[in-house]
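These are the structures, in structure tokens.
You will see two complexes here that share chain A, one where it goes with chain B and one where it goes with chain C.
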Partner chain A sequence: MTAAIALRPEPSALQQWWVLTVRSIAPTLRNGETATAVAASVIFTAGFYIPLKDFMGAATQGIASSYGQYLTPLIALQGISFASISGAFRAATDSAAGINRRFGSMPIAALTPAAARMSANMYRCVVGLVIALICGHAIGFRFHRGPLYIVGFCLLVLLVGLALSSLFDLIGTRAKNPEATTPLLMLPQLIFGLISVGVQPAEQFPGWIQPIVRNQPISQFIYALRALAGDTTAAVSSPTWSVMTPTYLWILGLFAIAVPMSAVSASRRP
Partner chain B sequence: MTIAQQQTQPGFALLTNWARPKTRAENSPRVLIPQTLEQIKRLLLRWRRDQTMVILTLAVPIFFLLTLNTVLGQRISQITGHSALSGSVPMIAVVAAITGSSAGAVALMRERADGLLSRLWVLPIHRASGGLSRLAAEAIRVFVTTVLILCAGMLLGFRFHQGPLAALAWLMIPVIFGVAFATLVTTVAFYSAGRPSQPGTTLVEGIALISTLGFFFCTGFVPLQQYPRWIQPAVEHQPMSYAIEAMRGLSQGGPVAWPMTATLLWAGGTLAVCVVPMVLGYRKASTR
Partner chain C sequence: MADKSVIVDRISKSFGTVQALRGISFEVGQGEVVGLLGPNGAGKTTTVDILSTLTRPDEGCAIVAGHDVVTDPAGVRRSITLTGQQVAVDEMLTGYENLVMFGRLQGLGKSAARTRATELIRSFDLVDAANRRVGTYSGGMRRRIDIGCGLVVRPEVVFLDEPTTGLDPRSRKSIWDLVTRFKEAGIATLLTTQYLEEADALSDRIIVIDHGIVIAEGTADELKERTGGNYCEIVPRDVNDLPAMVDVLSALLPERNRAALTVSSDRIAMPAPNGATTLVEAVWRLDAAKIELADVALRRPSLDEVFLSLTKDSSQTSVPDRPATSVPS
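Right, the complex of A and B next:
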């Protein structure tokens, strides 16, 4: 009896997290998930830029040096949002296949599987961001402020990605319905993207919706990202506290909703 | 033991000829329709009970329509001189058809993984009823969605100017489009290399991305002239644009014959190419 107790393994949470992270990331190269993440950023770039360049370009003249400069923050956000949706699909598949239940019966901390899914999502977000920046460069997006701000830009995008990932992961886990998760989150992503200041200035929207457009999270993220990227025109604001605070608050708010609910969801034994 | 005693023994059932259940051959055309109807009922019931699916196929497209109308409506109307709704309502109807059928394809893959398809295959059911019921259920679902989107469009100011017959034809176009697309997606799903135990992530995301691409590059999004010249032919001739142009013609007026023909050609071509592989794929998925 004592021997059995002595043999009882003492799992390290860190190692478990790493194993589960690799479990999520390793198949993405084989099953085409990385390819779709790359394709998503390219498609969002082409899809927003080509039809809207002339259509919206006039409205942004004087505000941004080019429509590519104006649009790229939105494209980066769409890219990482798609990456988070991929993660939600994985979470829903796991949930439907019952692996979460099995983890629940094993000596694993309640939040370790969720944390592993998050790190896999960050990997997806990095892929999405890199491709979005390459595409942005191709349509004329440039950083105008220096390396520190470039790092800030990337970190902010990834932070938003982390917040969105935790929220979408929760939706995927709770919905337990893999077939509906991707399209269910994809259309709202486009809706939020289209009613943001990412495609055209808020003044161009009908009056009644302007407050929503200005204050919805995507628009606030875009204001912050534009400020970090900078531009040659005078219209772009510098990254002061008044520009950045709403963004941080939105991100905090997203975490404040998603993290406790994930914890509840993960510790519940179904 | 007399015959009367024997008949009261447990487990004994005397079946005289007249009491025997009448069976028809499982491939008799006379059982095809009732069995198909039964399976349509099953699929539609599942759809209706799945809250996520109902939100996805009914509520989200309507929000999408409101968004598009708010963001682009006014400017499109200024450019074309017509109501932008004549293009955006059809486009949303088509997008909703695409979204729903991709969800349907993944549900089918899950039923394959769960073994439901194999179970149905060994029952004395008409072989064609499985595939047929899926396409028919798809058609009904798309019709319901289209009617609801139309109602939302009506509230925003969408109107038919070509009479009731044209309106009816208008309603049928997303259905035709949806059935053709469902055939395509189902065929691809059967042959895509997803692990049988798990629906292929790539398939779902691939469909989501391709439909997004189609949405951005069709004439219902912004008018054709807004696209750069080099990409105009691709935008003009893709199936979504034809369906939307036909629907525009049927509601607002304008050319109908050619876009309608082209829509039917696209749908017919897709069906012609996919039907045989789909049937074979269905058999393979049911007998693996």
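Right, the complex of A and C next:
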């Protein structure tokens, strides 16, 4: 039974990383994860765009050329947030099933499974972004500044996705409870999404909450993304340092929390 | 030393104020199957965790397949397979895909991993289920694929942490057959279990631990011997004959067994150091005294009785550094 392979080959970290990445990605097509991501983006787009188009379209007149143009950055963020939550769910499932424990007893470097999970999360974010851009395109969103800024827009969304995924992966891995992790992460992103400038301008909120609406991270990301996407109206801001810096700082902050904690968490074998 | 696959030398481990292990020591020889037996919370899983490098010991030293678990954990990981209490495979993948994945993780090339997966599917009797997701498997099949994933490359030491907990008798039997194959293949196996019959059926040697220390060690026979070995159970037809029986048996019945008799006793249990000869002697004496018997039997203590008596002892004497009492063979 066991005599067939007598010598243990020396495993390569690169091969292990690739095998674990593929393992996380491969089932997403058949277990409904990708289908759910598409559905979530479509429902989110339709759910906000159709009922709010006329009402918010009037409120955003002069700020954006169309409500589709106004709403799409939030759809993109929603897409990568959903991707990060799916990743957290998988991470929690692995932890709960003892898979991480098993990897810990195998000749696999401590950081390899975490790196593979992050790679798979980036794949999820790319898929989420592509779906969001297709949805955005359908409701009239267009890029107006040329290829370099399109790349910038996509990279920024993915960078936010990377930061969010690192944080959510850590939460999922330590929580070891997939059922509880998903709603736990869904709630704050829903609240932050709704009290942001993604759906309506800050001026539409009651005065007391406007400072929060303007300065919370999602709004800052949306300001930056709108600037990178550009628009035909004169009101659109350019991607200047003053628009972009808060976003960079928020992302740096997220990394500053997630990366050291993930490193500690991964090096401590489960 | 060289022929030992596992050497555990005075390992201690605490979690906060809980002392999980208090100076545990034992060895597993090459190709030997050792059962680590103990009640819940005895320290079985902590021991396995330390030996498979998932937890570091606070004190003491452990060598697995020639590698120190603290100074050379990578060497240990290259030599072992751990099967935990939970089935730890990817439920989203099929059985075959899991085997290929673990083969690739162990460094096999694509085609070698596939060949090996096919072999294991066949030898683990999972051909029909090979292309189904593990999530749809029954408990016994899940356990088999779980162990199979640990055998894609040959381990020198296998740790099986309660491999049959929650399995039906037939699945349990199939896991037992697997362990027997480890033995035949010369792989050292440390098996933790709460089931005495399992330890009895599979292990060459049993180590009983409780409260983080080894309280007994030996073969199942030796352990049974320790709790008093064979004994006779004699049941009179008339309970009122008991005092007369005690007189007749006189020297055959040690003070300890005499003291165990109470007013509600309906039988006498006494040691039978010479087995059937002692029994015949007792029957002969009772017959001569015209005491009618309802039943008489020569009995061996079950491993359960041994276990209960051993763990009862250790809960009464909670001396931290009590040395392990090894049974001379």
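The rule we apply is simple: the second predicted complex is superposed on the first by the 258 of 270 C-alpha atoms of A that agree within 3 Å, B and C clash if a C-alpha of one lies under 4 Å from a C-alpha of the other, contacts with A are read in each partner's own complex, and residues count from 1 in each chain.
Here, a residue touches a chain if its C-beta (ideal position, glycine included) is under 8 Å from a C-beta of that chain, and two chains touch if they have at least 3 such contacts.
Computed from a prediction, not measured in an experiment: that's the story for all the values here.
Contacts of A:Pro206 after superposition: chain B is touched, whereas chain C is not reached. Residue contacts after overlaying the shared chain place A:Gly47 against chain B, while chain C stays out of touching range. Between chain B and chain C, it is B that contacts the larger number of residues in chain A. Looking at the shared chain after the overlay, A:Asn31 reaches both chain B and chain C. When both complexes are overlaid on chain A, the residue A:Glu10 reaches chain C alone and has no touch with chain B. Of the two partner chains, chain C is the only one that A:Arg102 touches; chain B does not reach it. In the superposition on chain A, contact is made by A:Leu20 with chain C only, not with chain B.
Once chain A of one complex is fitted onto chain A of the other, the partner contacts of A:Pro183 are limited to chain B, with no touch recorded for chain C. Shared contact residues on chain A (touching chain B in one structure, chain C in the other): 31, 93, 97. Interface residues of chain C facing chain A in the complex, by the touch rule stated above, are 52-55, 74, 77-78, 80-82, 84-93, 101, 104-109, 112, 116, 119, 123, 151-155, 181-182, 185, 187. Residues of chain B touching chain A in their complex: 50, 52-53, 55-56, 60-61, 63-64, 67-68, 70-72, 74-75, 95, 99, 102-107, 110, 197-202, 204-206, 208-209, 212-213, 215-217, 221-222, 226-228, 231. Within the complex formed with chain C, the residues of chain A that make contact are 1-6, 8-12, 15-16, 19-20, 23, 26-27, 31, 93, 97-99, 101-108, 269-270. Looking at the complex, you find that chain A touches chain B at residues 31-33, 35-36, 39-40, 43-44, 46-48, 50-55, 86, 89-90, 93, 96-97, 175, 177-184, 186-188, 190-191, 194-195, 199-200, 205-206, 209.
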